[in-house]
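Which chain is which? They are A, B and C, in the order written, and residues in each are numbered from 1.
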């Protein structure tokens, strides 16, 4: 699909959220198709988790996004999908890898949305593929448990904040879930949620550094709770950490099923987004340091620094490996 | 144009904001065409004001909206446009008047957006039409001055609010202004702003009464300040008054030109929206009374009551006149 | 309606697909209204066929599209609609004919979507109008039978293709059918399908000649099979023929009802689109010749050449007639 002006910021860079939405749609289609490939109860694959994703190079208006998806592992009740996005400049023919993402889906029965069905197993070319997939499956299972416990936090409003403090750039939006946001089961597509999260995170980043910003990476996102059509969702973001050239923003999604539902507002998703600031020529700019005020802000800054250093170390290890 | 699921709430009623957007687009086309009808500097008509508008009957998914527009008065620098919206059920052929709106536009030069051009005068059938138009022109001019002074208010966040208080239902959303939101001059279409305002007001109303709600009327809206492409706009709403069967919500639009601009965040628009609550059969439901806590909330409630009684008296006078 | 940036390519020319979508919506409204004009079973008009359409002059961002529709013939079970599109520059007042299209609709019962209802006959001003309409009706009926047989072809992927070969530019996209894509009957609007077809054909054309391209014409399109909400549709295009200044692209639409349906993937629509390449000043550019490799490609090239020469001959005959 060709990238349109509405898919991009004013500098012409396509929003990370638009790309995440395309990735999720491709993943939902391939895994729903797979889960319905054997006779049995019809089902729709629902997004359970997206692994950490790096945005390797920016995509621009007028370029064509090529999205390809492949099922790489199946457990009894879940499907792992690998999605690759290439941007193609159809005028020059130049192609670049934009993204590689790994998503986990779970098949839910069309008749009873609370019933998780069994996944038809795939065939592996080599035994190691199955073993590695199983390892990835166990790892993500652990991580999902962890975030579930972390989910209690709330973003409190700040009055008359100083520039570069957490309160100055924090932002939130509300969105009424409409029919086009939803799957056949009447629940919000994971991709729609991620697009809104990227929108809020991008505004937080732009408010902080007042320049053109782009999504650099998204940490693993777990979708613990479904969000139903007709809900109001509140998406809130606050900056947690800055390095010299990057900003980390924590984003929360809360769902409020406020019509005809006994249920209270609940936390549906949370995640960390990393942004960089770019000059008009597309070069990375230095980022103003985040001013932390409260104890909580200082703690979150340190935790963010930990994640930042860990990712940096991992990347260096990979580069050394690749260089050998 | 046929109304789609995305234009409506889950009960199938088309959002008031969708209708306001169609009205404004029709007004912008007819007044831009008129202002360029004589040789001279090319210009784009920008929305300056929408008069109070009643939503006479709800429109539904699958119905066709017929929008017609007519220029009814011209002053030296402004154009008054009357827009009528009819909903047509193309299956039964039934037509109903949905809206009658009056809008004021001002021609801005394409070359210099701060230059207001002169409007070619229209011909009136009768002298009284011109006199009545002039009276309407003077009245709206006064009202615009008044709201300009009122615009200093800010919505402060409330922590852990009780149900049915002002703080409980107040809501806000942020929106990054994209290219498709803007006119040729690079400023947000008035219709886009009104659609976002209706969205926030609708969420405030639904949070308060937790039922299906529809827009009943919109008070006069003045567009004092233009909003440029690339701005972030914050749209906030709070309930000001409830009668037995209606809710009044005040909505503010603030623009934040946060990239490459020396300018501070500023108030661009504010307005009052009135909603009613409907049962599944489309009958009006009683509305829970708004609980006011602070002195400001009590004052705003009384002011809202004043507007409510004034509108009611006007309507009764019109009905008596019509009955004679 | 005013043309927005998202309706156009990066050179500012409105996509042919956007125009086809507006045309089809106008046709669906007027024919649904007509078919329900007599008491009887309520129905929705479904698009069965669009006759060959030429794009006479490009439309640009900021221009207003004026769409008018008229019923020109009725058979027992079908309605012929003529739709005209004018582009209007509201700054200069200039108007140009963009398109004249002829569409055929069939009324389907709201209660039973497989039941085709009877069409109320229209009154003709002159007997010849009815006779000419009848002739058009018989001709399109024959043509529909023909394409129905042709529909078996599949687009196979090619690895590492050479520039200007068929495999180099062939493209496909997938789209998950959402609620706003559909009519009241829950089937995809013909206009939505045509817009996606134009998008793919445009990507094929741009990949081939690496310049700004615009839709010049669309051959007759027959809608043999309905596509239901929730389907995944795959739209694929490949180049079949190039003349000095034009490219012909064949587009296929396949529907995959992959949830809750026993049915296999099926061919829903196919059609030929013709594009021209334009310089920055809007002048036609020469098109690189298509390199055909396989026997099938050579055969399709010759068939395309046949269509091209036939159209050229027809146009010359019309111009001679007009000149007399």
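The definition used in the following text is that contacts are C-beta pairs under 8 Å (C-beta built on N, C-alpha and C of every residue); 3 or more make two chains touch, one makes a residue touch a chain.
If you're wondering where the values come from, they're calculated on a predicted model, not measured in any experiment.
J.: Answer with same or different: of all residue numbers used at the interface between chain A and chain C, are over half used by both copies?
T.: different
J.: Specify the angle of rotation obtained when superposing chain B on chain C by their C-alpha atoms, rounded to a multiple of 5 degrees.
T.: Fitting chain B to chain C on C-alpha atoms yields 180 degrees.
J.: Quick one: chain A and chain C, Cα centre-to-centre, how many Å?
T.: 37
J.: If I count partner chains per residue in chain C, which residues reach a count of at least 2?
T.: 5-6, 179-180
J.: Please give the residue numbers of chain B that touch chain C in the complex, ascending.
T.: 1-2, 4-6, 25, 28-29, 32-33, 36-37, 42-44, 61-62, 64, 88, 90-93, 110, 179-180, 184
J.: List the residues on chain B that touch chain A in their complex, please.
T.: Going through chain B, the ones touching chain A are 5-6, 9-10, 156-157, 159, 171-176, 178-180, 199-200, 202-203, 206-207, 210-212, 229-230, 232, 256, 258-260.
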